[in-house]
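In the two assemblies presented below, subunit A is common to both, partnered first by subunit B and then by subunit C.
And then the complex of A and B:
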């Protein structure tokens, strides 16, 4: 079968994105816009944008585990909270910032590795159950070890203030915005490289079929452990960024509902997509705000309805929306074309464009069939 | 000794509540191969129906019966309208669908009844009786007895009726059942309706103790999921036994191990669950699934 002829918009899009330079220019424009925004916007908008970046990182980790490797996790909030607590402890002990950051990557990753070594023996939903247990166990533990965590009140820190050399022209919130966005950007590059490479291909086959994965020499156990460890590491890094933005953390950060909302945001943004994780972060922060303005008591109602609508209409998430619209409109156009030809045959001459690709396809198929005959 | 008996009976009673919801989860899993994270939220909505009726002056037992009927129809409707589209698809998507339902139904309950916890009338008197020197509340005994009756009825339904036979056959092999002329989709609706009804029973049993609010069953659901997984996901008896074990172990560990105390006892069943699953990944009563390529 011949590939379908592209319409003009698609052709334009293909040529535009195929060029390396266009892509680089696009990235530069986005980077410049993101760099200028904090200078011209208000403190609260800077805070909100930074929060989006925080959750985008956590959701990226979740997406690597769920979207790419196909292992359901409902415990990402545990690693977010864990990272935030480690950062808070580091700040209180006057550790240097790079040490705190590395600790926020390494300790949650190690914890994730230990959990995964045991849990990855399980299949599918049993694994999801073990991950649910993490926030449920985490909250009472956080309350119990109040020397480290400040108990149920939580712990407040004061750090990541704007350094002296920049104090003249940047406020604290602007400096924190830049810190968060630079680190989040780096983490996204790392995440992208992980899923585009050998590991990403192994995840894809693990998601598709474990038996096939074994046959191809990809150990499901090892790659499940790896996916879980990576997700925990991103969760911990997001916890570090969380403490940069909020300067505060409490057992609420670990809450099971945070995990549920992150899963919902990831699916709505686009599961198994780097851009989708970014959109998920935006959604996570934005929708409660918007829903709260419409009617604060029905936030849950609205976000649940949005999630189900997305699953029904755009299963690939917002990121697949342009493709999905094209698909639906092409489908609709073909149906209109077909009904036009069947209902009033004289119109056929007026709508050749809609019918011709199909008829050529059909004749082609017939020809192939002939070739196959002995 | 008196305290010990009391702890065990109370543990069995809370375990029975987890067990009722765990039975619902197992039922849905056997019928459609899904784990329904919205099972608790659906139960809460039905409990709210009973609550509203009782507030309006309907006799308590009648209010419960109407709420159970509502639960059955609601469960069947959810299967027909939403779940059906995702039954044959990717299991991960199905999980996310039920998570969406969990959020949505919780939101519906909150929109109608608010987030404020409210007192719920109890079916059982507040007295306690004396068993071997320990005073045990009638409520706890009542809950245990109700669960045992429910389990017996379910077994009778599945083992002795034609409907039960048909439902088992659909759970076993939907394609062959359809070819033998069973109305598979209607049976799946009935399965979801029954599960929702079981959830409603758990809801009205636990509501006097927890007060009704949209998040009332969130923790019960997590325990019920643990019990269902521990029991092996396809075994109703396993789910109930696991739920009882969870309830009792949690109570005893909270009372007798100083380090655990009242705040950390919630972690005990999960640690036990993780250890058991590592030793027996198929659960206590589950069959080992053999994957054929």
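And then the complex of A and C:
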């Protein structure tokens, strides 16, 4: 009677995805939960959740560049830091918040565009090397222009306080949480629409094979530049949110290890997936905290062990966990269906799927590849 | 059809769940800070007090970072084992220390700080790092949580005590260090030419300003300056440029160990033998003076603050004996490598003890008042002549340094120029 629960899971999933109403209901539940959490949880929890959203946005940009368009970037922290510095400058100059936000989108995107116009002529590792240079140049620059950046001590701002109309029932951390989540939510919708549309399809071909892309009329150069610009824009937006949460930025924000950690988090969350970027943000923030609770003297060691564990167990990232279970079940069902016609006992038919993960993985990969290139 | 019925059922459940959640939300979260002034602050009971610290325990600055935890932990645990700390309100309390790792990342430091405050620490003490503490400063002052005795040489933390009344630095600033050099040169009472090599950021500027201010109006004169980037691989061209000035004194405010060694070897290879002034963090005999062949110079000076527990010169010093015994018991669990930060943080424990003694009420405000009224206190492991004075506005707890001159394998009194 093994296949029955699998069947039910699948049916439920199909119902859930097929019915618009359930999907809306699901979204509403998530939104309500997210809206209620800050009201009941502590300041540090709110801070941590907001931080997850900040890094999720930066990782989303990275994922569009690396996961969808297949171009390696190790310089995302430079755009995160740049965005934060622009926001800090705007606050100090008393710019209105929407202007600051737009500047945080536009200026890093422009900087990314300029870098990409030169760098996108390169491919693979050469492009990765160029992106490494960004945080390495960024830190001394940030220290040098201390009138703009506050030097190595960094710059502190005081903004995004709860407005008067909400001051009676919201604290600063709660207000900032809402600001961050609303903006991050919008950015995720934009990101999703980008990768689901024409641009996303072009990115997929670019990632698969540049020669094929040319043959199909997709200019690899132009789309690489576009991918890099989009990634920079999301990096800048994350910088804006970073300043909302921390009210502070310093050259450390730009540092190379932040970039590396974001790449690792993106891969662990699930490269080339919107939900994966979100999970990456959660991972980025949560794991050092957990590691610190276990043993503060060896956080790096524990984080490394968790990273390896995740990569061994779910190589496709955390996001692939339910999908994988589902695919295994679908695979099993198909086999059962086939076995029913050939009158094989279902238990035996199920056995190979359960015992040889290699074969399921292979077919799974094939199917994924097929799905990606419609 | 089936789907639709399913959907209505699901949305019914959703609606019910949402209503429940909203009802829970209606009871808003408990507010931590109560309005009364005499009520005990969080983190303090009649028998315990909890402190928190977040320092870099992994990564490039892990050595000094771990020492800031280990030194403080040693002092607190030794005192707890001996019965506990006496407080100004007549009670005796054990002091617990919770420590977390921030890997020198300001974002992590803020997360750690918020976590510690949520876990109910009374005060945040002794954290190492300039950007990390700078990120915490506004939050600590907004939440009125003491953020004190910070192990950093940046002037930001003690500069403006009216804007940041809950923050206090522990160590003399880079400015003070360079100022000490300048005072020494001025005291010589004769015309001296000085060349300054400093890092191209605000640390370097602190040095340059310190020495410039100290020599104002005297016969001492800066004749050449050069800057470098911490990422430079060699400073040969800067040294050559400064050597051309033929200055009597070279203030080499280089914070990177191999570069500092390179400066010492390059200057003598050019035949330029000025008196050398080194910052305390790059003046260790074994790693800087010996490989740089500093013996070639007429004099190498640096500033010092604390006794070196491993040095034979202090082997019978009662402070050092007590420190070594306690460290083997407690601090050695956290680190076994010594940096001066271990000694400083141990002294910091004693400063906290003084503050506890002066605390009349179990509140954070009373703690800050007591902490800011310590004067002429001889903390253990500090050199003779260096005392703790927290009563001066806009200065860190320790603001004095002693100039020492290299002699043989270590440093001795500076004497006259």
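As a convention for this text, the second predicted complex is superposed on the first by the 318 of 374 C-alpha atoms of A that agree within 3 Å, B and C clash if a C-alpha of one lies under 4 Å from a C-alpha of the other, contacts with A are read in each partner's own complex, and residues count from 1 in each chain.
Throughout what follows, contacts are C-beta pairs under 8 Å (C-beta built on N, C-alpha and C of every residue); 3 or more make two chains touch, one makes a residue touch a chain.
The model shown is predicted, which means the values in this text are computed figures rather than measured ones.
Shared-chain residue A:70: touches subunit B; no touch with subunit C. Of the two partner chains placed around the shared chain by superposition, subunit B is the only one that A:304 touches, whereas subunit C remains out of contact. Using the contact criterion defined above for the overlaid structures, shared-chain residue A:119 touches subunit B, although it does not reach subunit C.
When both complexes are overlaid on chain A, the residue A:144 reaches subunit B and subunit C alike. Of the two partner chains, subunit C is the only one that A:247 touches; subunit B does not reach it.
Shared-chain residue A:95: touches no atom of subunit B or subunit C. Of the two partner chains placed by superposition, only subunit C is touched by A:25; subunit B is not. Once the two complexes are laid over each other on the shared chain, residue contacts for A:285 go to subunit C alone; subunit B is not touched. By the touch criterion defined above, A:264 reaches subunit B but does not reach subunit C. Overlap of the subunit B and subunit C interfaces on subunit A comprises residues 136, 140, 143-144, 297-300. Note for the complex: subunit C touches subunit A at residues 3-4, 6-8, 10-11, 14, 17-18, 21-22, 24-25, 28-29, 57-59, 66, 99-101, 103-108, 110-112, 114-115, 117-118, 130-132, 134-135, 137-139, 142, 154, 156, 200-203, 229, 231, 334. Across the complex, subunit B is touched by residues 66, 70, 72, 118-119, 121-126, 128-130, 132-133, 136-137, 140-141, 143-144, 210-212, 215, 256, 260, 263-264, 267, 297-305, 307-308, 311-312, 315 of subunit A. Remark: subunit A residues 15, 18-19, 21-22, 25, 28-29, 32-33, 36, 39-45, 47-48, 51, 136, 140, 143-144, 146, 151-154, 156, 158, 169, 172, 242, 246-253, 255, 257-258, 285, 288-289, 291-292, 296-300 touch subunit C in the complex.
If you check the complex, the residues on subunit B that touch subunit A are 35, 82, 85-86, 91-93, 95-97, 99-108, 110-111, 114-115, 214, 218-219, 222, 225-226, 229, 233, 263-264, 266-267, 270-271, 273-274, 277-278, 281, 283, 289, 291, 293.
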